[in-house]
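Each of the next two complexes has subunit A plus one more chain, namely subunit B in the first and subunit C in the second.
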Partner chain A sequence: MAEINIDGVTKRFGTFTAVQDMDIRFADGEVACLLGPSGCGKTTLMRMIAGLEHPTSGRILFGDRDVTALPTHARNVGMVFQYPVMYPTLSVAENIALPLKQDRSLSAAERDLRVAEMLDVLDMREHGGSFIDELDSGNRQKVAVGRAIARRSDIVLFDEPTTNVEVNAKLQLIRAIKTVIQRTRQTIVYVTHDQTEAMTLADRIALMYGGKIIQYDRPDVLYNQPLTEFGGWFLGNPGMNFVPATVANGQISAPILAEPLPAPANLPSQGAIKIGIRPEWIAMHDTPQPGSVEGTLADQTVGIAGRYLTRVSFGDVDVKVKTDGRPPAPIGGRVHLVPRRGRITLYADGNRLA
Partner chain B sequence: MNGRGFRQHLYYAALWLVALFFFAPVAWIVLSSFKTREQILAVPPKLIFVPTLANYTDLLSRQGLLLQVFNSIFLSVVAVCVAVVVSFLAAFCFSRFKPKGTDFLMFLLLSIRMLPGPAVILPVYLMYAGFGWKDNHFWLVMFYAMFSIPFSVWILKGFLDGVSVRFDETGLVNGGSWFHVIFRVVMPQVKPGLIAAFIFNMIFVWNEFLFNFIIGGVSTQNIPYALAVGTYSDGGVNWTFIASMTTIYVIPPILFIYFFQKYLLVGMTFGTVRGEV
Partner chain C sequence: MTAVSGSPRSSRLRRTRVAQALDNRGTLIATLLVPVLIFFVLFNTIPTLWLLGLSFYNYSLTSGSPPSFVGFRNFIQIFNNRNNIWADLSRTFTFVVFGVGIQTVLGLALGFLFWGSKEMPGRRVALTMLFTPMVLTPVATGTFFRFIYDPDFGVLNVILHGLFSTRPINFLSEPGTAFWAVLAVDCWMWTPFMILMALAALGSVPKAELEAAEVDRLPWRKRLTLVIWHHGKFILMLGILLRTIDSFKTLDLIIPLTKGGPGQETRLVAMEVNKQAFESFNMGWSSAYSVLLLLISIAMTSVFIFILNLRRRRGA
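So, the complex of A and B:
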């Protein structure tokens, strides 16, 4: 059993609170990504799980086992760091084998088998005898991944493993990590500030901000129904549009709505809210359509795969829109936008209402 | 022949000249060990002569020679091993756990090393005499170890600072104890530093005469002691004894330095040449 249970954990460094009264459970055998901007406390949380830092207050449990006071080596976790740490005096195979030598129940033959298997999975068989000078940073990090996984500890932690790897090697490394974690039944916590990585690898993503977990959900839920404005803004490239809207008499009206929307019951009957909608959930046409609103194309840039990212202006409100091809009008021209009704989410004071 | 090639030759010629100049006394004493007493003192010096091993057979028949050679080897090897082990652990502690006052302690350690031996010989002698530690291998080893530790800690701390803490953390997280981290993960990476510390201290203890003479005794006498005592033992200066004994005496350091010269260079940079992680 290797469920990780963070129970009311707070960590302060002097006057700075890195992690604030956190409660979260990482389920057994799941891949959880801690995602958030720099300084949100995700690395601190991970280091506390590993035992490299100790909580100021609160408890950390692995299953039923309270590990808060246990030293690092007694916790049975593996960890991959931000920097590719490969022991320079040992070859690749020896690096992976070294932690296995701690386990006296493991025979030499079994150990060799595990190392060979790991080299296979990492696609590094021909590098088994290589030393650190012969490897690029991506391969060094792969060695670190192999070393952490081969022990078959209950829990494996990844602390932004791709940050210090060259761009070319990065994709390969992520693929290797994905292959490796799909094969294991270990509980994995993966820290990253790269949302693509989190989306690719995670079963669930914990979105963190300011020492707190904002939302812990499946990647698609987190993306489609962010609980906070921050979540909507942080995920997606670019993030969600937040268009000012007003509620009056049970009706919501906004510049991007052709006709008012009926307000859900939990909304205040009067006041200002925001409509959240992602740039790809708005269709752009050159002629008026049912339910469309007219705006001015203010800006456009070419994105990946022939997609265009545009900015459409409605007086003092700008809306980001993604189009599949070239926008139907030149810059400064008139375009007609149709927001997908079912995708609209509503926010007030930074939190989602509906 | 261009100017640069010529300059290069000149440069090498100068280097050879300087090297030969400094090597001349060593060559003289080594050559002398194969000469008779008359040949050694002949003016002008005899460069061509029939080598004789008589000096060595004489030397081997001397009383206590084996004891002196054994003591020299035993004292230096054991003392330096003790010093390197203690220094490595101390340096690891200074480097990783940074106890309060680390900087001051490191300064203190270095200043102990700067202290000339004769300045402390009297208190050390009184202490050894008072406790009855004189002429005892164990206590002499302890003294040499104590004298070697400060410098070794300095060298090794430089090397250990160059090994990133990330290695420690990786070792710990991957299930290793501190023992594992210190000896399996970190130690292999500072091997050049360990060897450098070993050689530097080895040379110090091997050359040590003063303390051996004062706080040692008959049973702990080493080769420098033998040289000092044996030189005048039969009235005049015993040149054949000096020459043959010195030749034996300089062989181990020369071999040592020859085989480990690259580590000596590393040691002199105090581990400031660091790898990055």
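So, the complex of A and C:
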């Protein structure tokens, strides 16, 4: 009943098109993350859902209700802003209670109960009577989260809530948001440019670029089978490898393939494509293996948890490879790579073929 | 061996010593402050002390006799209502309260209007036009308003006659209207200043908090008290304070309009000080009067600052 339906929405600011002819449906009770680089239109899309901006054309529906022309206060959405908003003359508990007070059907006892419950979930029991001066930015943002959630509106929007929070308070805030999100059955749209945040919080991620949604999928699908080169490059740290390959006579050949791959039927019989494979799906060995190709270890850096990130060069083509533990050869040495066949995806003109 | 001044070595030494001295934070601050302090002492402190001293003397520039010390006689004369100056004071207070009050209300109303209509075409032109009264010379403003108010050829009487068929009213010469006519000109001149302050005050309210209030469905009254007033009050109160002090000293507008007349109807305190000092050259007495006005101004400022701090302390 509170599914959000974006129907052919375009938003222009002067000559700049922030959101371009967008169609997307955020399912009821799901957590959807809008993920993308700065300026991709994700915040604009969210602000249009909130009613803080109005689309140049197209419709926005909550369930069957067309809200395109409605002002924000008539839409009944909760929202957490990038800048932690806490009303400065009110205490933490009063802040959370404030939107509840606008609902006259709610009794004072019920209201107090909801505030207490919210303080519990946010792990802020001892801060109920605190004022803005006594809280760090992370706790202020938690208050804003509490205010947005406690109302139990059908839809809650998060606009990059961790951006203006100090680093050490960030983790706590994300944990609190995660707890809150798991407990509610509200439809949540969460804007972020941080892929880790999106991966941890989202049921589904909408990857955006240049005012368009590139892909809207479960996080694992988005990660393993990106529909575009941009998606592969943007997600993951580092992003996917795209290795130039050629198709000839129904066979795909590339520097990292020991023997040609049979080309799927939908491929043109002739031409240049790219092979996409994530750095963690390539195994590195010091001796030749079945199906391995030989390259030169050009570079290595220590990654997280004992993983190394290396660069292996095949003439003028470089491939990023992640290894568990130290690479088997020194820099400049020869290594043997085995790409996992099942993880290979094919791209042409920036889009996936198979 | 004695140091040879002017040699490259000693001048370099001196420069490093200056640089070292400037490295010291205290010295740097003092160095930067000295010019301002000299200016302040020369043009503010010394004249004020001079004024204070002069207020205890009987000193007329025209009599030719040297100043003679008279103790508190000037102040006693003031308290005994010489030249009916208590009436001036109470009239000035009326002028300040009504003038600043009307300007604040109008300024806020128009400030909200312009704040809420950022997309309105012609907004910038309208704002520029609105601010012109403030930058005009008060003497010029007074002069052309005297023409507007003129009973024989003034445009205001023409309009009133056309609309309500009234007989010509001599706004500036009739005791019932003169004061309010002057007050109206003051409002025309200074409302733009309050619009400016209102816009600055509203501009200091964070956009995110306003949007949050919109999302939280707060009624307008709550948005005003919780968000707008909290952030905007300091600038607004500052505007009111500046306007109060300025309004208390109004002189340049009244001279071309009424010269204080009819009778004493539009004579504000500054008019009397000006007349006693620069027309009658009664320096001692006008100094004493000025000292009194200074004390009143300080008292008003203190009250304002006290109120502001009080609110902030409670709001924290």
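Throughout what follows, the second predicted complex is superposed on the first by the 354 of 354 C-alpha atoms of A that agree within 3 Å, B and C clash if a C-alpha of one lies under 4 Å from a C-alpha of the other, contacts with A are read in each partner's own complex, and residues count from 1 in each chain.
Here is the rule we go by: contacts are C-beta pairs under 8 Å (C-beta built on N, C-alpha and C of every residue); 3 or more make two chains touch, one makes a residue touch a chain.
Note that this is a predicted model, so its numbers are computed, not measured.
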Quick one: subunit B and subunit C on subunit A, clash or fit?
clash
Does the superposition put A:G78 against subunit B (first), subunit C (second), both, or neither?
both
Determine, under the contact definition given at the top, whether A:L309 touches first (subunit B), second (subunit C), both, or neither.
neither
Look at A:D133 in the shared chain and tell me whether it touches subunit B only, subunit C only, both, or neither; answer first, second, both or neither.
second
Given the touch rule stated above, what does A:I273 touch, subunit B (first), subunit C (second), both, or neither?
neither
So, A:L52: does it touch subunit B (first), subunit C (second), both, or neither?
both
For the superposed three-chain arrangement, which subunit C stretch in 7-15, 43-51 or 97-105 runs into subunit B?
97-105
Set of subunit A residues, in rising order, touched by both subunit B and subunit C
50, 52, 71-73, 76-79, 81, 83, 85, 87-90, 98-99, 102, 144, 147-148
Subunit C - residues contacting subunit A, complex
206, 208-209, 211-212, 214-219, 222, 225-227, 230, 315-316
Subunit A residues within the subunit C interface of the complex:
50, 52, 71-73, 76-79, 81-83, 85, 87-90, 98-99, 102, 131, 133, 144, 147-148
Residues of subunit A that touch subunit B when the two form their complex
50-52, 71-73, 76-79, 81, 83-85, 87-90, 98-99, 102-103, 144, 147-148, 151, 153, 157
Subunit A-touching residues of subunit B, taken from the complex the two chains share
164, 166-167, 169-170, 172-178, 180, 184-185, 188-189, 191, 275, 277
